[in-house]
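The next part holds the structures, each set out as structure tokens.
First chain A sits with chain B, and in the next complex the same chain sits with chain C.
Then we have the complex of A and B:
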């Protein structure tokens, strides 16, 4: 037997502790069966930033020699299991400049398994996931996305619910009894053991064929090598902004072409231009300068630059003018203003649909003390 | 006898205050495509700072989030010239650049023109490491420059270590609350602007800002660049990563810091102190400070606080307004001066 590699793709900071619990749990459970393993975070992700996709890995082997042979890798080139702890990562992963948009299943081996936590069904997620030349499985752990911050962990059992399905999707890792033993040793909590067991039984697994999924080619960049760099390591500035594309007037700021941050977003703002008072606050307070000024003086969040923080919704003085909606509701990054301009009535219907369908009220972490405890009750019910 | 020409003070750019948000210029000189956190208030500070300063500006940045997150491998979000400088050297870099530009113009190698020089530093780079260089720079009145400290109250880039800007009792990598010792950060936040104002009588302008009040912030940057000589601005930036809160509250927490009186908004222009916004109302007793509890319980970094800690925090904040010789500015209690 060679080594078994598992990657956890997660939202930087928001799920750092969660990812650590999963990779650590894998190694500790494998040790119960006399195997050896190692868990580590990817170097390039550090320092992590809120929301920006990051990875941690767990490698398990029969003995130390096998493990050490595989260890000279900064990032495994192939994995047996990919765990995406946020379903909006299914749209692709972009972790830093030049990285491009990488499919969530990129490293997955043939017949490997992509484990996703989501409130959706596999059929809803597959259209977002880029196609793969070889078949693989998708395993769905039903549940809300678990987001917390750096200091206070939200113990909603997402960690053990993921660990619990691993004996089902990758029996070569360890058995159910080993994972249960590990959970008892680590947390000494019967409820957590029960959560893992229930997850093992309830997980939905489905095969994904090569002709299923998003057929788009994800964007990519060619990273310059040291020989391509300019004298004195000069980096060319971002070009000046200009008019709103395709129109006279308006303003679109210059933007770095090599880092889009599409993949940072788990929510996006939808804007009701009919109630907008052009107060400028969303535009002025956006840390990512993602708002374009339209030729008629509205402010439009450009999906090439929005990272989904929600500050625009927070500062907007008009009720339901800016609303954050779950990113999984959208199939493209098209301009909302152009859509509104073309047909105001159908835009109003589209907007209403997006706001009302809100499948999951996302919370990106700590709002007030006591919040996680009340949410935990909700989740275990 | 004539004065040495390199000691003459050049006319800085004249940047009038923006009169209302609708008058703010549309152009951006700090674009998107940086690797900062969702809801990063410091990225907003960079954006507003350069929006206020305009295109004829050179920006220098010492190491910290706003250098590292903004320059992932061979990329930049800056439209204007930007150069990185070492952690403690925002002051020296600003001074050197201003002097260099002056020399190039004197020798005819550059067109005579007023160019803004801004060096930014984080609280680690400014309040801790760069303090002596900043102090030295403020002692050179013949150079026009601004040093802007974006203070997110920790070494946030390297995953939240305590700095001189960290508030009392906070959870950081260096000061984790434990079972035996709940409070590991036992120091009250360094009072940077008051210290610089008191210690540098030739410095014509120091100010505090918070990007939640964007217009006030931009106009202070414009004043600092127009007044002539070296100037300093201290910005309090809520940090969703280190403060542990949902990024959508970045704006609101900035407002709360002012409303609770934890961070005052003021400027000292030619030795004249002027309070701003809600801080002004607090000083004039037209506005009651919100309890610090409202601010503390919203952040994961204070999740370990018990009532006793919140009370202590409140007491220390009350002192800033009730005991300090200049409320929120100079931490000397006048009744003790005569003893």
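Then we have the complex of A and C:
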């Protein structure tokens, strides 16, 4: 059995072309060695929504008969390599096509490799990744997350930098010379070939043992059968919410008990309650009604409802009262207001640390989309 | 069932509080809408159904009916408007013909998908091109797979009666599916017969107000309908509609039981058997072609030929068991189609292939002919029907079918 399956997990729309370049590149490079293959996206992830996790796959086989076995199913149930082109996906995958949180390494075979692009180190990312019963490898391609747009592609070489490491992590796919030949044929670009070679040399690979990582059970729920579903395509409104949970007063709107946000975000708002003027704008403008009203009249973004769009930061009239911070800085969905209430001094320190963590590291949220400044040189160095 | 030449009289018998009126099929259905006290009706002109819209507007103008009458800018809007009105609890009525019905096709699909009990009339009309307006059944039959109940009638009295039954069945919460009445263009839409129109009190006994219950789209009952779904949900939703269509058969039977009791009729719900006792060969068909067939059968019975006729009343839900129980008794069955289905098995009509499929599991199957005739509103003649029956009688003797599907009344 020499069928090799690779999945690319990416942020919908902003990384669609990137994922396509990688999956196509895998099949075309394998073709240089006489293999056959298919590259495809999960149809269920489409129409893609801004930043929502989505998947594309590449499957390579020795011959057509072998390939057909893989093509006979909608998507692979096991993969040799998982590529996450945004490190915040290490927390898991939620998409259109299933409900709940899927561990990013769920489909990986034993001793398979999770390739991640990140400016962090593997040790920073592993605590976010759900534990797996079998060992696997993490391969780090150092670099910022590459976000483009719907109509433009940010050609920062992330595609070839990922393709370049595949001969290291999955030598059964193809050799480095096949990748280089493919890049020359497809792009006719020596700089891209150099990027792929450099990436092959610099990739950091580390074994992840079964007891390493996030020990939480990922959130899931059971889908109802046709007899239990309401007829007539009726979806009942969620009942009105009540008081802020665990307190007298305040208000928390009714929310779907099933559809919660986890890895949907790449950023989340952090809130300085000491400078908040309670102007209500964040609460009013949030497109997902994610703000809860605290008993003392503050507005707190509930992380089970926030999708990280950044509208709250954009509409807040107070400087640095609401600041969007990359999701990789956070380990859970805990309440910021509760933290602030418990110990205002340590909250101030926590907040300062988050805001100053990497202020330049923005992602795809509202008024931050794009970022088309060239980062090629920085990443190839 | 037996021989019941008088059971389906073309002239209604007056009850004490019934009014006898000389009206067309369209006008009869307008009276049914008046007595059903519809709330919303939409109009867009296309013949031959449009007399119906004129009659309803006249009733509203005369103060005989209180309903919102909305003139749409196209059939698509016409059917969308009643779909939405039905969702907010209005009893709705709508109609069209031929390519007008086709222009509403997107709305027709979503109405069934959403399980909204819209009652519609299709004044059956040939599909363009060539531009034509005579009767063919292909227009209404185009929705046969989508979750629309489909019924055809043969006389004006039945058009009135089944319109009331259609509201009751469609609006039953066990069903909640749209229902279309096929009304043969010209033969029923434009010709006037004597019809007994019952009192409002009687109709109220039969037909309760439309109650959407907890599925009512209303601010006091906050719900969303028609969400976007992916492959994780849709097959379950299709399965629900499948079950609703299966349930509709029992609901139709209940409705006929009550209808016969309240209005003093003797209808069977799905099939009308005419002179089928001891018959060797029977013709099967739907709509107004029943009349020339019945008259021909009568003539041939006088000559001692063992022939009969079975009229299909509901095409959806298709009465599979009833069809099997009925047709297994005969040696030869001829299915008459006032429609075509190019490239289908044996190039037969739509009814032909549905009936053949229903008969497949019988231990001994009758020989089956398909007869395509009356297209474009051409008359189905007594000579033509006699030609069909003679072929079938020949097969009853020889046990051989030379041509499975025969076009009748077409110039060679």
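FYI, the second predicted complex is superposed on the first by the 356 of 381 C-alpha atoms of A that agree within 3 Å, B and C clash if a C-alpha of one lies under 4 Å from a C-alpha of the other, contacts with A are read in each partner's own complex, and residues count from 1 in each chain.
Just so we're on the same page, a contact is a pair of C-beta atoms (placed from the backbone, for glycine too) under 8 Å apart; a residue touches a chain by one contact, two chains touch by 3 or more.
Just so we're clear, the structure is a prediction, and the values are computed from it rather than from any experiment.
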Touching partner for A:231 - first (chain B), second (chain C), both, neither: second
Touched partner set for A:151, first chain B, second chain C, both or neither: first
Touched partner set for A:111, first chain B, second chain C, both or neither: neither
Partner chain(s) touched by A:253 [first = chain B, second = chain C, both, neither]: first
Chain A residues touched by each partner, larger count belonging to chain B or chain C: B
Contacts of A:175 with chain B and chain C, given as first, second, both or neither: neither
Which of chain B and chain C A:274 touches, first, second, both or neither: neither
Chain B versus chain C as contact partner of A:308, first or second or both or neither: first
Which of chain B and chain C A:223 touches, first, second, both or neither: both
Doubly contacted chain A residues - partners chain C and chain B: 96-98, 223-224, 229, 235-237
Touching residues on chain B, where the partner in the complex is chain A: 21-22, 24, 26-28, 30-41, 43-44, 47-48, 68-69, 71-82, 157-160, 171, 211-212, 214, 240-242, 244-252, 297-301, 303
Chain A residues touching chain C - in the complex, by the definition given at the top: 44, 96-99, 223-226, 229, 231-237
Footprint of chain B on chain A - complex, ascending: 12-13, 46-52, 96-98, 148-152, 223-224, 229, 235-241, 251, 253-261, 264, 279-281, 284-290, 293, 304-305, 307-311, 313-315, 324, 363-369
Residue numbers on chain C that touch chain A, as the complex places them: 113-115, 176, 215, 222-227, 230-233, 236-237, 239-240, 243-244
